[in-house]
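Handing you this structure, nothing more for now.
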Amino acid sequence: MERPGFLPRQRLDDLLVLLRDSGYRVIGPQLAEGAVVYRDIGAASDLPAGVTVESGPGSMRVIKQDSPRQFAWANGPQALKPRLFKPAESLWQVQRDAQGRLSFARCDETPQAVAVIGVRACDLAALRIHDQHFLESEYRDPYYARRRERLLLVAVNCTDPATTCFCASTGDGPAASGDYDLLLDELEDGFLVTSGSPEGQKLSAALALTPAPDARCEVARAAVERAAAVQTRRLPPGDLFDRLFAHRDHPRWSEVANRCLACGNCTQVCPTCFCSRERDETPLDGASSVHQREWDSCFTEGHSYIHGLVIRAETRQRYRQWLTHKLGSWHRQFGRSGCVGCGRCILWCPVGIDITEEVHVLMQEPVHD
Amino acid sequence: MTESKREVRIKVPVLTRVEGEGALDIAIHDQEITELRLRIFEPPRLFEKFLEGRDYQEVPDLVARICGICPVAYQMSAAQALENAFAVEVPAAVHEWRRLFYCGEWLQSHALHIHLLAAPDFLGFNSVTEMAGKYPAEVRRGLRLQALGNDIMELLGARSVHPVGARIGGFHSLPTANKYAPLLQRLRDAHEDARALVLWTAGLPLPDDEQDFCSVALHDRTGYGMYGDRLISSEGLNIAIEEYPQHFSEFQVPYSTALHGGLHGRPYLVGPLARLNLNAARLPRSVQEVIEATGIRFPSRNMFHSIVARAVEVLFAVQEATRILEAAPAVDVPCVEIRPRAAAGSGCTEAPRGILWHRYETQGDGRIRSARIVPPTSQNQARIEQDLRNALQAFGLDRDEPALRLHAETVIRNYDPCISCATHFLRLNIKRSTT
Amino acid sequence: MTERGIPMEAEVVARVDESPTIFSLSLKLVDGDQHDSYRFMPGQFNMLYLYGVGEIPISIVGDPDQPDLLQHTFRTVGRVTRGFARLQPGDRIGLRGPFGRGWPLEAARNRDVLIVTGGLGCAPVVPVINHVLNQRQQHGRVAILQGVKHSDDFIWRGRYEQWDAEPDTQVLLAADVAGPEWRGYRGRVTGLFEKLELDFVNGITMMCGPGPMMTAAGQQLLERGAGPDRIWFSLERNMQCAVGQCGHCQYGEKFVCRDGPVFPYADIQHLFGVRGI
Amino acid sequence: MDRYFLTQIFSTCLVCGVYDMKPGVAVHKFSSCDGCQLAFLNLGEELLELDRLVEIVHFAEAGPFDEQTPVAIAFVEGSISTQADTERIRRVREQADFLITIGACATSGGVQALRNLADSGAWHASIYPEPEYLDSLDNVTAIREHVKVDLELWGCPVNSRQVLAAVRALLFGVLPETDRDKVCMECKRQQNVCVIVAQGVPCLGPVTRSGCGSLCPRFGRDCYGCYGPAEALNTASLGKRFAGLGLLPEQVVNRFRAIHSHLEEFAPPQGPDYDRE
């Protein structure tokens, strides 16, 4: 493997300028609305310097510290998913002429190339899954594909996981192991830069970096190791399909349903959830119509509705669907678990339901009734 | 049967093109109005009572629901009253954003009233869609201005009816420059529309009806009053808003759910004409020039100049909103911290239809102990009845019923009465009789 | 790998009202190339798009050997189907498809075939019946069972009579609740199994209908020695995309639109009949 | 609802959109703030388009006044609070093929139904010197408590998009789509940062029906439930969470008893920690 280069912190703007000059719109983390969210980045000073996040199930607060670090927080409410799998988008447009003839046209925007900086290992793992789902299954999704082709990823190895993170237990982090163009390790005074693709190599060459000394690499490695070591939550390893389905009548499903709001937040923040629904938006004059797709969730009644029946009418069944899919069925569909250990569903659940805790209870011996 | 002994009873069972539900009953006996009742039968909604015990932060969301046409006014008067009670001062920049918010409401409400409710009267149409056939450009201009007003409110409140952005102490959030840039552009483009609107309203065939009345409006030291802490009248009143109850009274009449207002026991006028009559000198020079070009002089005693006054305020709102957005008032936090306490406070702002006065008493934990709200339409109600008597007399009581009815409706609509606020408006019953 | 497409324009060329709430539309793709290259398998479905209203999955009931006559039978149940119910010849709609995997026609060759349907006009199996009967000599005995809740719900009397007339073909009808005119069986469709002269062990069953009926029938067939790989079901789930991406049709680890809608019992045994899956 | 009712109301060609006659539309007002009617009056250019597509027969605030002529669609704003209202709403129903309530007042009683929780006689007396002049019923009620309602558009106020979607769908001869999802779904699609989690404010999004576009969280504040209850409510769990955020039991009760206080579904959680049992 090539030796990482060293980018002094003051030169981070060089990277941003380079990206912009190469035609990318640069998206990165910013402090807004009380959280670290992904927005357009103008300059390195837009990044959340000295910001860390204190979080637990259903709550988080941003803490300001006296530190130059710009990536010393775990992950924001969203990262790559909304960039590629849009929360709402138009799929096709149809015009109707005076004779009632229809002409269909795909809504074909050519997206601008986007560079996202600050991507975490869990997000990359989730991206791999979405690539499998949207690009490599029987049908390829052209909308996702177009955006994916124009995406450049600048990953950052995680050094400050939240208490809700458990990527170490799913094997997806905290170190990014591939699928990025550039990888950064953040140190006090700058970044180690590793390239992971030809495009990344070009960028890194253009930055003309000096190779990082061993000592620096060692500090970075240790920081990531520590980030793995401090994680306390875990998921049981392996394919849980059979075990979960064996426990399909476990009383815990009802118990969790007493707390669950069936609001769908966990699915919306989950970087691997992919459900969507479609509907038409028609102007009043009725001369055209736009067919749209938007995020849906297995926690809605519409998700399992067929005429005259909501198959999963009870919250108990909806939660069971989510969890058994994520940790069970997923293995059969994608060859791995649907959870990358990002902890978002725990953090952003308004009532703090914790997937790791629920699985832990469910995995105890089945209770027969 | 001799003509002079005729007795007529006119009933307008439901007044159309007014906001809310009301009726008008007139009895004419021997060329004399013997009975005239503007009946507001919007059922009482008892807002003042159910505010009791509510947290002060809930007040803006609840009082907005008194009136869908001027929710900003309700939110702003309430905010002012509660901020006074809690002795907090909002920063000047927040105040500027509130003025902008208010500009949106004036623009929306006035454009709606001029085009959808009032102008059809003067041009002989029943509705705006009818009028659009003959005056498409004018109607479209009006709709554009109305939309601009709505969009300003949306900028600060997410929606124009019952907006959600305002709170006691400021706003929940304020827009960034890139969010309002397109709006600023549209505002600049609207100056011409608004100027043309003023001239157009001045050119409408408005009846000539000079009357004697007392105008009441807020006095704002810094400009044309939307906010202000003193109330002035054309008869020399000059009081702090807290003193309102000492001078103004409300009384109930048996035929109406809206309480009638009196200043020292006599009817008075609030709203655009009253404001312009008292504060025209405070308008920017550029607006005054447009007024001069109309040939109409304010103060005016012609009640029908209300529509022109409204158009002038549209122009003012467009200019004021442009000024504010160009200055881009910067704030550190959109809302100041509030420390509730047991106290009382009054607030009064200029709703599109005139002064809207609120007073709250609070408990130590910030909950409302009592509330009093005096909306503009109930203040105008006695004045409308007085005007109707004069106007119909001047119009000629011997005219046939449809003409009398239309004229009466025109007079009433001219006030842009908002019966939803007043609680709500109009069904006309004219009774004529001979002895 | 195919790209997820957009609808093709289709024209309604004929309409038949089967009952007050059931009607069939014959469609023709307007574009000549699309029309010529369109092929489908019995059991597959199309996504039909009603202009400005929505897109719904509907089985193709035509004959796969005559793909230019694309037939669909609709039951008017809700928003979109009610809109479709108003279409007349000449009207245009959108069509995406075909989607899904069809019935196991190959596996049915040279074997006894049992077709069980429940509910009103079970469209997905009609093309199979047509196909099997068109190639009558390639199959063993054939039995067609149809169950309805109420005898008045029974449609396609003519078709059933025609099928009944085929050689070595049994057609049996059951109604849970029957009017005085009813000449068929009174009771559940599963009650007809004992009247069948079929080789349950080596034959193949294709079934579609309400969940409880299929669960009960599947159970009884297993008891009669049928292997779980010889009992096939057509399932219904909410579908938005039909290409396995929207997630709505998930059934355990299956995507019904892509992996089904037709499944052998063996593949779904662990899920079948469980409420809320 | 009658299967073919819409066909009868609108004799339109679904596909080419040509109408045999313009359907009549009425907008009626009962006790309300007039805000929902603004969904029409704020339509701008589309108001003129609407006028092209339908015949606005009655809409007092906009001019046309005719309560007698039968119409295809009657929109009803406001709640019932006087004896006279109860009679008028029955006439409105008789004159309309399809009755749509717009907004919280009409659909659930709205904010003024708060008075149902108190002794409104005493309230009247405290505001009006002579309460005996008032024709006011003791309780404010929703339209559906008096007559059959065909469609409810929730929201305080409804927005133009909802109203136009309903009109457009009906002109197509189908029912509008209904969505009972939670505000949270829209909130996340908008990529708002959750205000419960990040600010600890008592947001009602998880129990409130979507449709507004999650306006409040978009402005960094808590939803106060103006679109009414969503499906699959868990007010007990949310109430408990609010208590955890530091709200006193009375404050929790007030959260649920605001715009839709008259609804069972929004009955505030009971007991010290809001357990359902």
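Per-chain numbering from 1; labels A, B, C and D assigned in written order.
Everything below uses one rule, namely that a contact is a pair of C-beta atoms (placed from the backbone, for glycine too) under 8 Å apart; a residue touches a chain by one contact, two chains touch by 3 or more.
Being a predicted model, the structure only gives us computed values, none of them experimental.
Trainee: Counting only C-alpha atoms to place each centre, which chain is farthest from chain D?
Mentor: Max centre-to-centre separation from chain D belongs to C.
Trainee: Which chain has the mean of its C-alpha atoms lying nearest to the mean of all protein C-alpha atoms shown?
Mentor: When every chain is reduced to its C-alpha mean, the one closest to the whole-protein mean is D.
Trainee: Could you tell me which two chains share the largest number of C-beta contact pairs?
Mentor: The largest set of C-beta contacts joins the chains B-D.
Trainee: Whole-Å distance, chain C centre to chain D centre, using C-alpha means?
Mentor: Each chain's C-alpha centroid was found; their separation is 41 Å.
Trainee: Using CA atom averages as chain centres, what separation in Å is found between chain A and chain D?
Mentor: Distance between chain centres, rounded to whole Å: 36 Å.
Trainee: Between chain B and chain D, tell me the centre distance in angstrom, where each centre is the average of that chain's C-alpha atoms.
Mentor: A distance of 26 Å separates the two centres.
Trainee: Could you grab the centroid distance between chain A and chain B? Build each centroid from C-alpha atoms only and quote it in angstrom.
Mentor: Inter-chain centre distance comes to 51 Å.
Trainee: If you look at chain A, which of its residues touch at least two other chains?
Mentor: 96, 100, 279, 282, 286, 296, 302, 314
Trainee: What are the residues of chain D that contact at least two other chains?
Mentor: 15, 168, 172, 177, 220
Trainee: What are the residues of chain B that contact at least two other chains?
Mentor: none
Trainee: Pairwise, which chains touch?
Mentor: Between chains, contact exists in these pairs: A-C, A-D, B-D, C-D.
Trainee: Over in the complex, which chain A residues touch chain C? Could you list them?
Mentor: For this pair, the touching residues of chain A are 91-92, 94, 96, 100-106, 133-134, 136-142, 241, 245, 248, 273-280, 282, 286, 289, 291, 293, 296, 298, 302-308, 311-314, 316-317, 320-321, 324-325, 328-329, 331-333.
Trainee: Using the touch rule from the top, collect the residues of chain B that touch chain D in their complex.
Mentor: 14-21, 41-50, 53-55, 58, 61-62, 65-69, 71, 108, 112, 116-117, 120, 125-130, 132, 139-140, 143-144, 146-147, 150, 157-162, 164-165, 167, 172-173, 251-252, 254-255, 257, 259, 418, 420, 424
Trainee: Which part of chain C faces chain A closely enough to touch in the complex?
Mentor: So the residues of chain C touching chain A come out as 1-4, 6-9, 30, 49, 51-55, 77-78, 90-94, 236-238, 240-241, 243-248, 250, 252-253, 255, 258, 270-271, 274-277.
Trainee: Taking the complex as given, what residues does chain D use to touch chain C?
Mentor: Listed in rising order, the residues are 3, 6-7, 14-15, 168-169, 172-175, 177.
Trainee: Mind listing the chain A positions that touch chain D in their complex?
Mentor: Touching chain D from chain A are residues 32-35, 37, 58-61, 77-78, 82, 87-88, 96, 98-100, 258-265, 268-269, 279, 282-287, 294-297, 300-302, 314-315, 318, 347-348, 350-351.
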